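Two complexes are shown next, each including chain A; its partner changes from chain B in the first to chain C in the second.
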Partner chain A sequence: MSSHPLAPRRLAALAALTAIAAGAAACGPKSEDAGADATPHQGGTLTILNQTPQTKFDPAREYTTGGGNIPGLVFRSLTTRARKAGAAGTAVVPDLATDIGEPSQGATVWTYHLKAGLKFEDGTPITSADIKYGVERSFAPQLSGGAPYLRDWLTGASGYQGPYKDPKGLSAITTPDARTVVFHLNKPEGDFPYLATQTQFTPVPKAKDTGTKYQDHPVSSGPYEVVSNQNDGTTLTLKRNPYWSQKSDAQRHAYPDRIVVDSGLDPAVIDQRLATGSGADADAVTTDTNLGPAELAKVNGDKELASRVGTGHFGFTNYLAFNPKVKPFDNQKVREAIAYAINRTSVVNAAGGSSLAEPATTFLPNQATFGYTPYDPFPAGRSGNAAKAKALLAQAGYPHGLTVTLTASTSDANQDGPAVAAAVQDGLKAAGITVKLVGLEDDKYQQDIYSVASEPGMFLSGWGADWPSGGPFLAPIFDGRQIVKDGYNFNSAQLNDPSVNAEIDRINKITDHAAAAKLWGKLDQRIGTKALTVPLFHPVYKRLYGKNVRNVVISDWTGVLDVSQVAVK
Partner chain B sequence: MATAAPAPQAGTAPIGVVPASGARQVWRRLRSQRAAVTAATVLVLLILIAVLAPVLSAIEGQDPTTYHDALVNSASGGVPHGSLGGISGVHWLGVEPGTGRDLFARLVYGSQISLLVAVGATVVQVAVGIAVGLAAGLGSRLLDQFLGHTTDVMIALPGLVFAIALMAVVPNSFPRPLLLMLVIGLLGWGGTARVVRAQTLSLKELDYVAAARLGGSSPWRIARRELLPPLAAPVITYAALLLPSNVVSEAGLSFLGVGVRPPTSSWGQMLSSATTWFQADPMYVLLPAALLFVTTLAFTVFGDALRTALDPRAASRLRVGVRRRRTKEETA
Partner chain C sequence: MSGYVLRRLAGMVAVLLVLSVVIYAAFYIAPGDPAQIACGLKCSPAQVAQVREQLGLADPVYVQYAHFLGGIVAGRDFSTGTAVMHCHAPCLGISYRSGEQVTSMILQRLPVTGSLALGGMVLWLLLGVGTGLLSALRRGRPTERALTGLTMAGNAVPVFVIGLMLLIVFCSTLQWLPFPSYVPLTSDPQAWFWGLLLPWVSLAVVESAKYARLTRSSMLETLAEDHIRTFRAYGVSERRLVTRHALRAALTPVIALSALDLGTMFGSAVLTESLFGLPGLGKMLVSSVAVVDLPVVVGVVMVTGFCVVLANAAADVLYAVADRRVVLS
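And now, the complex of A and B:
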């Protein structure tokens, strides 16, 4: 895929979006009689065909990025992600709040004001107390599942057990009036507006809280409310929430009248149903099923199908991870030799080809919002530099090559399985490195690679951040204070470099996202020269959508077609 | 087919007469069946292909593991360039999608693993089956009951589930083809054991066995000298039918991802990675599937013919030799 047609397309998309926004401001989208393509059709039923059920449909229990895709239809939070295509969609924008948050006292205190006239699905007004209660609920042990940031960041929250056990609530959250909520943090966090996109910041009316049963019918603050939720989110039916107004929500559009989520399906079935598009499947999309290489080859041979493929870039890096505590990976020269020897063309092909993976030389994903700074500390071209690798191995004391073990999953579903492993193996063969492959069943693989005790010497790994910023991308992997000895540890190299830790702290204080991004890029480059990881590729998501689906918006934040924007003909 | 009437079951028919009447006669009976000759030819060819895999790949000028990135269309999921999965003078059967590895070389090298595992597993099944069957047939009633129930359990076990579990717990350093052999072999001896026990029970009542026992021979000697020779026919027949199912078992386990490890190829591994490609690159699926089909069919046909040839009563219906002319007259 070349980058040439990107600029005009971006412009066109922007133009279309401004048109919609203008229409929305006037009186909301019109029905059929409006111009052909100018305003998307309102009404109809959108079907979502998925593999994974929408389990734990409770705002306290959802682990989302940017408030999620399907959860975002029912749950609004203080801020949200911009519902725009491409890079514009990586911005954080106000949702229930009037702005993305006012930092004070060096980004340790964040103040939010709610918009006027906000209502729940039953018509009762949304107040700041409901936001506070929603956050507090997520601390209850029986409602676990969310991201750990709130417990780490809010002052005095580390031992809090939720409002059922401790009704006094969290003193770190104050509500000076019905429309103002203030968060007190124990350290400066410039990325707080990104965290506030998550569903834990969704208002929950205390009177309607039914504890663990709340997930059957959570009280909606968004454009849709739950009609029925069967088998823990396997079949979820949503209808319009009459108290939601487009005027208070600049992001969601909610064109269809009803949304039906049908999950627990096989990926091949989903692709086949979307391709055929008979009956309700013509109005269907998927939010979790990517086209694999074979499906892509088939779709590319059919013009009509090819026109119904949405392409998304979620910030993710697949990489080769080293454990420097295991010989010979303690030797930087060996790690560098492997970095030089990798044949990224083979690796990309194994991951599905150039349409499904872009070769990576940086740990940060290739998007400006993460602070992407192009660099390659070990330049070896697309197909590797075996001669340079051999020279480095000789310097390291292995003039006749060496044998190493590479651990991977036995499943290719997440592009960390035998296909990519064998491509790495073939690339290293040219440099005289014999690679023995160890394939572990996926659960065992995840357990082993993320545990300090069982971490293999060299393995395939991947990382995506909770929101599109350099902080959550780099800190869990390279911050020495985030090494977890008895639990899930993502700092595979067990790097504990005081200067790196100090730099992470320094950047976390910066509230200007663009300025921080630049520094994250620099830090990434600095860590890259240590050859603790070998970035392999950034995956690209391609997904089919039904014949009648219009207004497809795919942001770089999620990489997935946004269901709040979709219209069905 | 020559056997018009249903052939008696090798396992259940009491053996009243001394079975095989010399290897030469069996050979003649086999030769008289056209299907057997065809199946045997195919099998010899397959074994030759497996043995000569390095030579055949060298003649083609390819090897099974080298990547050819330029031969696949990277932008389109890695589907091979050219028609029919990239078949050309250089790559006789095309290349693998995504990697560009030569399919001919992978198939011929894969046949090594697939056949080796199938034969090895059959040997294990037959060895364990004979041992358990003989012990049950000759041992005390208690031992017979114990072994009988054990055999029942082995037959009733969901073999595939157990095989997957076993393959998953064995350390990675253990050679995979050997492990496949052992797992398939050790889970699949139940049938052989039953056949051998039944035959032993009827054989040991015969006068010559009783004579040997009265003459003071130990059970071990009786088993070796008096029972094993007549057991050969039913066991060989049974083994010939076990082989094709073992080829399929290997394919099944590799298909489920617990078989051989990359970059080694086997037919099952190839089928497994080919399943998603059946629409975009049909050749990739058809090649290993066709080979597996031909192999299984050849083994089954040959096993059936062997049974007929080894069973004197079924063989008499073959009308080998003197009655050939009459057969001709009848069909004319």
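And now, the complex of A and C:
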């Protein structure tokens, strides 16, 4: 999963696959003594049936949101996400630390104190030096893959290549005593506690570090430790870590005695196994396989199965992106006309229907934690306002309509493929805009839309948050200083508005999340009037879980069932 | 004979070398930067450059290729960061994605694909040759028409459809079988067998049709030959005629085809492996191509190529055994 500001869709999806899973609220009935006792108990083995293996099971290399789902069973970090259903689960809470961090010097210095009595799986105490070392090794090019924020945020860290090359370490992280660690940033970052949920803040004992081999058996600080890791994370078996204590961990429950992650499976087979629930599959969940429209229709036809579907909202927006460097999208009136012409009813249907997608008019996801402020600068109604669009086109100098190209993926897997593209095309046709569709194979699509040199004029895109806050959602897309000329660029409009940049800086200094959220909402509204993107919908996750699974908790942070809460007894 | 073996060996090495060059070339033409992928899309160009250096991708292509060849002959050393990891010859390098040694990744998956391919072959040969033989002997009768129809139907349905149907019927509805998973033969032979049964059946259903057709036509052709007619005239029993004389000659093309199929199965049983969740070579190949993990891609292709070449050599020898008119030269 992704953990920081907005992640591109695939990244987020990948992240979601590998790391998160949240669950929603209902408790599944137990098959044998149905309804008799829904209280979760300790014991049993939880099976996790997934598509994507847990490759790179190293805290330095994981890219998670909120510490991830499966990784979070083994890796604790300074802070973590609240393991609560719905909006309450978007809060950041202490994990190894006693609080979510003490900011000082205008949020440029963050101090953490570790709880007393914390231990690794071998019984050795967890110290602040282990946290510092864990962060430092995430800078090693051998252990790449984690979220890149620390490199930009920590003072003097931009050229650091990790402790293997430079054992002196980072002077931006100090450890005044064994239980205190201090981070010195080069700019104010009010969201630092959110970043500290990621596994790069997981303690790693230097004496046990084996570099690229560490992923085979990372030293656990969480409720479970690795028994075996086969075929590069395809089959991962976990058992209880005797040195973890529930008293030190207010978030994880650790009900099952063992957890077996079985991956590399086909999505159709995962759904089939969860539905059938024979043998160990009755005690199974998935953290990466959503029900598609067809599966959902089938499941909804069966009461028992329908009672075993978890619904989640991960902060994500699917949108139509413009490149104003390409004509006619340089003309704001043309972009506005397109925004008015969108038929959101057919777009939502193309994305799987109203149970898998909610219509969007704001760029920020429809959750308070991001600063969601309802607005609709170009009201298209449920099915598009063709008359208004035509009037705008006439003003823009296209009284007889125009022809444009829409680029999309050839795969519908991420709801940015031919189905949604055709729905956009239909809406625009009613307004006299002829849309030619270009489908690109996924790798090529991604490479083209995220490169300044090859970016198409109009394309389907999506963005998910590395953590549930407005900053990581807006900054990568609209901050002019984040335009990347020779790498992956997410500011597709290449907006570089000094007043927007200044406002982003101003809000980043605010450590009060609710106060910052309000301002992110206002900024979103302000940018929205420029019609640089047309928000289309926010996806909804639906996932099946096994017959014996209890205590299903799905937070709005992750949108998927949280494996640290699940019980099978 | 020794000259023949030497020539075959030299040919095998040449084929493998050409294969590796082609893959290296294709890799550098294809889109996708493994350093960017390993680092993550949000990595800065400077950070990507560090990762590129670390992966050895900053060297010129011919240097990288030379290192690769050197590793196969003499082994290579890699740094884990904290220690030096020696990769013994034949070393196929380390994965860009995971940092694991490609040789050991392949060795872990080889038994999976091997079990799938060999078991599948036994079944598709039994099914294919059996129905082919029966069709030839019952030529023109309802039995033949029914068998031909059935094998054709099996061949016409893609393996993932057959597989999914089998799963739904036997694992989900009837629950006679567990959902397939791979258990090593050495740790539990019974679980190994039951876990692979459906994948074998799926492969056999799809593959056996062509063997049935081939066996049937080859058998009919042989039965019409002069020497068979002569044997029959001498009063050789029909059973002996078919099993001792006709079948033996008729199986020659079947041997050639099975060798080829078995060899390619090592890299191409992707659909079957994916559907049944078997961690085999084909699946690893596909996921590695997606993330431009060159060492793994080259490694799997080389091993698959090796299997194909080896299987072909074996077929040539079997040819000579099956049909005494064939001379190895």
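As a working rule, the second predicted complex is superposed on the first by the 530 of 569 C-alpha atoms of A that agree within 3 Å, B and C clash if a C-alpha of one lies under 4 Å from a C-alpha of the other, contacts with A are read in each partner's own complex, and residues count from 1 in each chain.
As a working rule, a residue touches a chain if its C-beta (ideal position, glycine included) is under 8 Å from a C-beta of that chain, and two chains touch if they have at least 3 such contacts.
Note that this is a predicted model, so its numbers are computed, not measured.
Engineer: With both structures lined up on chain A, is it a clash or a fit for chain B and chain C?
Structural biologist: fit
Engineer: Under the stated touch criterion, which partner chain does A:Ser383 make contact with: chain B (first), chain C (second), both, or neither?
Structural biologist: In the superposition, A:Ser383 touches chain B alone.
Engineer: Which of the two partners, first being chain B and second being chain C, lies in contact with A:Lys298: first, second, both, or neither?
Structural biologist: In the superposition, A:Lys298 touches chain B alone.
Engineer: Should A:Ala422 be classified as contacting the first partner (chain B), the second (chain C), both, or neither?
Structural biologist: In the superposition, A:Ala422 contacts chain B only.
Engineer: First (chain B), second (chain C), both or neither: which does A:Leu356 touch?
Structural biologist: A:Leu356: touches chain B, not chain C.
Engineer: Could you look at A:Thr410 and tell me whether it touches chain B, chain C, both or neither (first, second, both, neither)?
Structural biologist: first
Engineer: Looking at the overlay, what does A:Asn343 touch: chain B (first), chain C (second), both, or neither?
Structural biologist: Only chain B; A:Asn343 stays clear of chain C.
Engineer: In the overlay, work out which of chain B or chain C sits against more residues of chain A.
Structural biologist: C
Engineer: With the superposition applied, I'd like the minimum CA-CA separation between chain B and chain C in Å.
Structural biologist: After superposing on chain A, chain B and chain C come no closer than 8 Å at C-alpha.
Engineer: Per the definitions at the top, what is the overlap between the chain A residues touching chain B and those touching chain C?
Structural biologist: 268
Engineer: Mind pulling up the chain A residues that touch chain B in the complex?
Structural biologist: By the definition above, chain A touches chain B via 1, 268, 291-298, 300-301, 343, 345-346, 348-350, 352-356, 383, 410-411, 418-419, 421-423, 425-426, 429, 437-439, 441.
Engineer: Would you tell me which residues of chain C are touching chain A in their complex?
Structural biologist: It comes out as residues 31-32, 36, 38-48, 50-51, 53-54, 79-83, 85, 95, 97-100, 105, 108-109, 164, 167-168, 171-172, 175, 178-179, 181, 274-277, 279, 283, 290.
Engineer: Quick check: in the complex, which residue numbers of chain B touch chain A?
Structural biologist: 65-67, 69, 72-79, 97-100, 168, 172, 257-258, 261-263, 273, 276-277, 279-281
Engineer: Using the touch rule from the top, collect the residues of chain A that touch chain C in their complex.
Structural biologist: The touching residues are 7-8, 11, 55-56, 63, 137, 140-148, 151, 158-159, 161-162, 164, 209-213, 215, 230-235, 262, 264-266, 268-269, 272-273, 275-276, 278-279, 281, 443-444, 446-447, 450, 476, 484, 486-488.
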